[in-house]
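Okay, got some structures for you below.
The two complexes that follow have chain A in common; it is paired with chain B in the first and with chain C in the second.
Let's turn to the complex of A and B:
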């Protein structure tokens, strides 16, 4: 089985290197064929590993070689495929394979076609390291690796120029890429501190050894480790207040948004919390904080999605919101449910993004949904699949989202955290509304696209076929909830609902479905015929607040970015040049000028020498007399 | 070859003298051949080095002035071995990439003299010998900056010389005092470092000596607030000068901490952890900010050097194997990466004769290979795992965390601020549309530049993934160093802080 572990891990790496060989050449079709095949091989190996882990119940372990061996630190490239990892691997490689195939369509005319595949496969490789490593530093390799690939891919169209924030809220691809990288670095520092704490207190970074020894640490320390690791998770999973980069990351090509910024990388934070469940279950106060933050982000992001007009940003907000759900579940101790929602979300959200990609292609990269409308006629299959994905996202029976989101709401109810339950319940309604607001505005109503001279067309059949895999999973994945639970709870703690919750399940389900259906209906009546816009609403304070993301990006700009640049300028010009360096030069000048002054003593004039001599003689005599007197 | 170290020192010296007789046309080939031979010799040194032996190897001792115990005393251990190899490598790369037009002959001869001084510093075990090489290294560098530099070259070179020289003189006084104490305790004169190691000094004496040595090293590193000579030196120096300066000469300072301050004055070193740590953190954050404000891409790299040296200092004063070994590794990785970055800046300067970033933009389009190499080095500079830059930075910070979590978190902002200025520089230079039509047809890296850069890229990735061949010997020697410091420590605080590693576990 070790063999398959390495195949799953390195096939994407080979794919990346292979594509990189042609990175600077014009499009080569075979790159677009070889890369998906290699990722597909990785998927097959992952499936084999999954079934092996399923049958044997044992983790597959492998140790490639030593990495950092210093002092008492002994870090190897060690990998372990247990139940959680196997699920993550299958999810990652499934979505990756689909996205790789789809990219052939989406990047068809791009001159950097080959380079794109190289980056995309490199991302998959990093993500595999992230989920397969058996220690925290290995996870950190993947963690930083996906960060760099994300940076490369967000800034893929690096040649675009910077715009003002009013024209393009993300400024430019390279700006958004840098923002994503730097914000993530802030979180990574937190994570590094967590790693240091673990190392110095337990002397190891391997998961199994760390989790086995947790009991020896005192509670305060556990809390610190839990918080610092979670700070790392907050960056990757774009939790408030480190969330702004995710929407700006939509500057990247849409397949990237589907793979990295919806299905896989952004869920790394959730994965970390699930992975560290032995730690988090010992610090309920931190876990509860995680749940609260997740709940807040769920509704916070959903609220911004309500008014946005940007096709991709709406989906990005919904990703943010769903990540909030996952953290809420993980924070409440329902780790397997968080993982279940993670997987379900990966499928339907990637599908939604790819559908958005079809729409963008049809609309010549127009993103303003108000300029679309009536696309159903031209793009029926895209409509169908985006509709399905939105139904799944809204949590309508019998699609995947119904099962996973319902389970989270039940868990919130079961924990008697009714506040969390209520907010998540409300968010479910908002989710249904904004998802279908988007679907109806884009696909139904009057055909506003004529005004911008677009000639929409359906995507190529193979792209639709690739998407259909995700569509099927978005529909049926939820049906396997019981099997999934049985499989995963061999590794993760089982989460039992109380008797009381059991009795309430039907009512909860009905209440949740009701609010979701209401959301869809409101969207239907408001937007399915034609685009109802009211000047009054759009000029209201609340609308503007939401539209401008609560002015948080503005605030960051004013309170952090600008002052930092100004302070840097002051540090350089005023402090370093005028104080530190001037002092050095000042000392040098003082020495020079004192030399200049004393030089006059040696002017070659005999009579002045005599004067100095006399003065010196007198001085020495006086000193001698005084010292004698004192003695 | 038992006197390989003598060969390593004298081969470039003799070659440099013979260089005067080589004619202008063949001097480049001559220079490359000599530097390559020297590099191969240093590799041979590595090959015959015993990695399991933590002590000094290839030791040579020849009494010079027996009355004062001054001798010609050489040796390498796991700490100096790789700095020596890096010195020969960077000299070779610098000569290969050499792009100065005027007086190339004198330039190559100067570089060979500089190589003599660098190797001498890192293999000397006699303090006077060390000091001679230490000061001698200033002369060729003074000449490189003063003769081939930019408009302010005289100011910059004199500033460089006098500033570092002033620090060294204070260090010299410390050295003489140390010898005096050695004489008054043991009754014999000795300037042998290994003799000095065996001496246990009273805490008060340690404090003064520590400060005297510290000043010499701190100016060299350069530590805040003694750093202002460096931006001028880099700003004026020709590319090769900056490469050697950043890669090797700065390391003399941090090497001095490891070779002198820690083992000679363990109690004082521990006592001064806090002030030194604070200075290091200030220099990390402050110079990172200044780097962010720069308009000139070479100044970005220059200030980033200072910032990274701050992390090295943190690691050195971690007082445990993880931190010290990490800081030694970071010296190497910073040498490779900053050297490469200065080479890259030189590439663009040769084409455009400017280093101001606003003149560029969109270069990724016209010079894709250049952009890729620059990107790799940027990632190494910001400490991406699986590049050489991560390991040293991670270990240094991890090590210092044991001593002071708060300062480590503050110093750790290096990974954020470093990303900020490097990515900003990258964006301004390589991304966005090409605004200046002159930049549209800039030629990409040529064969000469690729020859110089590709080995560095290979090292960056190789040692990032598999650092063991280098980290192993460093680890072995550092463990012994820490053990010695622990044994020598007198104050309770020092005993507790200097953390001896457990004996190696059986391989699993």
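Let's turn to the complex of A and C:
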């Protein structure tokens, strides 16, 4: 089984290196064929590993090499595939394979076709390291690796003009890439501190050893470790207040948004909390904080999605919101439910993004949904799949989102945290509304795209076929909830609902479905015939507040970015130029001017040389005389 | 008045100073040669007088060596001077300088 572990891990790496060979050259079709095949091989190996873990119930372990061996410190480059990892691997490779195939269609005319595949496969490799590592340091390597790939891919079209937010509210790819990287950098510092704390106190970083020894640490320390690790998770999963980068990351190509900024990388934070469940179950106060933050982000992001007009940003906000759900579940101790929602979300959210990619292609990269409409006629299959994904997202029976989101709501109810339950319930309604607002505005109603001169066309069949895999999963994945629970709870703690909750389940289900259906109906009546826009609403304070993302980006710009830039300016002008540079320049100038003076001695005139010689002779004589006299 | 060692040494010092002043002040290469010759002979006087004063012949031998070296030096030096004069048409040091420090 070790063999399959290595194949699953290194096939994406080979794919990346292979594509990188041709990175500087113009499009080569075989790159777009080889890369998906290699990722597919990784998927096959992951499936084999999953079935092996399922049958044996044991984790597959492999030790690639001793990595850092210094004194007492011994950190190995080890991998372990247990139940959680196997699920993550399958989710990652499934979505990756689909996205790799789809990219052939989406990046068809891009000049950097080969380079794109190289980055995309490198991302998959990093993500595999992240989920497969059996210690915190390996996780951190993967963590940074996906960060770099995310940076490379958000800024893939780096040649677009670089403009700050003042000039262009939709920012440029290079700006967005830097923002994402820097925000993650800040959060990663927190995570590093957490890892240091663990190593400092336990002397090991391997998960099994760390979690076995947690009892020996005192509570305050555990709280600190929990908080610092979660700060890392907040950055990667774009939780408030580090959330701004995710929507700006939509500047990257759409397959990237589907793979990295919806299905896989952003869920790494949730994965970390699930992975560290023995830690978080010992610090309920931090866990509760995580649940509260998750709940807040869920409704916070959903509210911003209500009014947004950007096709991709709406989906990005819904990703944020769903990540909030996952954190809420994980914070409440329902780890397996969080993982279940993570997997289900990966499928339907990737599908939603790929559908958005089809629409973008059809509309010649137009993103304003108010300029679309009536696309159903031209793009029926995209409509169908985006509709399915939105239904799953809204949590309509019997799609995947229904089972996973319902379980989270049940868990919130079961914990007697009715506040959390209520907010998440309300968010479910908002989710249904904004996702169908988008679907109806884009696909139904009058055909406004004539105004911008677009000629919509359906995506190529193979792209649709690739997407259909995700569509099928988005529909059926929820049906395996019981099997999933049985499988995963061999590793993760089981989550028991109380008797009371069991009695209430059907009421909860009806209530939740009711609000979701209400959301869809409101969207239907408001947007399905034609685009209803009222000046009054759009000029109201609430609308503007939401449209401007609560002015948080503005606030960051004014309160952090600008002052920091000014501080840097001062440090440059005052400190660097006037102290550091002045000192160095001073030394150089002294030497130069002394040379300038003494240079005149060497004028080539024998007479003056003789004078210098005589002067030297006299000087030496005087010194000799004086030294004799002193003696 | 008897002539003592001090007289010789004072003469030697005066001659040496004259030679040194000539080396510093003179601009003509030929005159520089004359000045160095004067300095050499100042040294010779000091050698010979001290040698006779302490009854040791090696000082006088040294003076003979210096005379021999001075003679050969002048022979070579004058040859060079002629070449320089042929090439530049002058022996003025200020005009012979080619470097611009």
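Here are some notes:
Simple rule for what comes next: the second predicted complex is superposed on the first by the 568 of 631 C-alpha atoms of A that agree within 3 Å, B and C clash if a C-alpha of one lies under 4 Å from a C-alpha of the other, contacts with A are read in each partner's own complex, and residues count from 1 in each chain.
Here is the rule we use: contacts are C-beta pairs under 8 Å (C-beta built on N, C-alpha and C of every residue); 3 or more make two chains touch, one makes a residue touch a chain.
What you are looking at is a predicted structure, and each value in this text was computed from that prediction instead of being measured.
Of the two partner chains, chain C is the only one that A:605 touches; chain B does not reach it. After overlaying the two complexes on the shared chain, residue contacts for A:65 are found with chain B alone; chain C is out of touch.
Once the two complexes are overlaid on the shared chain, A:529 sits clear of chain B and of chain C alike.
By the document's definition of touching, of the two partners only chain B reaches A:73; chain C does not.
Touch criterion met: A:614 reaches chain C, while chain B stays clear of it.
Residue by residue along chain A, chain B and chain C are tallied for touches, and B comes out ahead. Listing the residues of chain A that touch chain B in their complex gives 24, 65-74, 137, 140-141, 144-145, 148, 151, 155, 158-162, 172, 174-175, 178, 181-182, 185-186, 188-189, 192-193, 195-197, 199-200, 564-565, 567-569, 571-573, 575-576, 580-581, 583-584, 588. Taken in their complex, chain C has these residues touching chain A: 20, 23-24, 26-27, 29, 32, 93-94, 96-101. Contacts from chain A toward chain C in the complex involve residues 599-607, 610-611, 614. Chain B contributes residues 159, 162-163, 224-225, 227-229, 286, 289-290, 292-294, 320-322, 325-326, 362, 364-365, 368-369, 379, 382, 384-386, 390-391, 394-395, 397-398, 401-402, 405, 408-409, 412-413, 415-416, 419-420, 423-424, 427, 430-434, 465-468, 471-472, 474-475, 478-479, 501-502, 505 to its touches with chain A in the complex.
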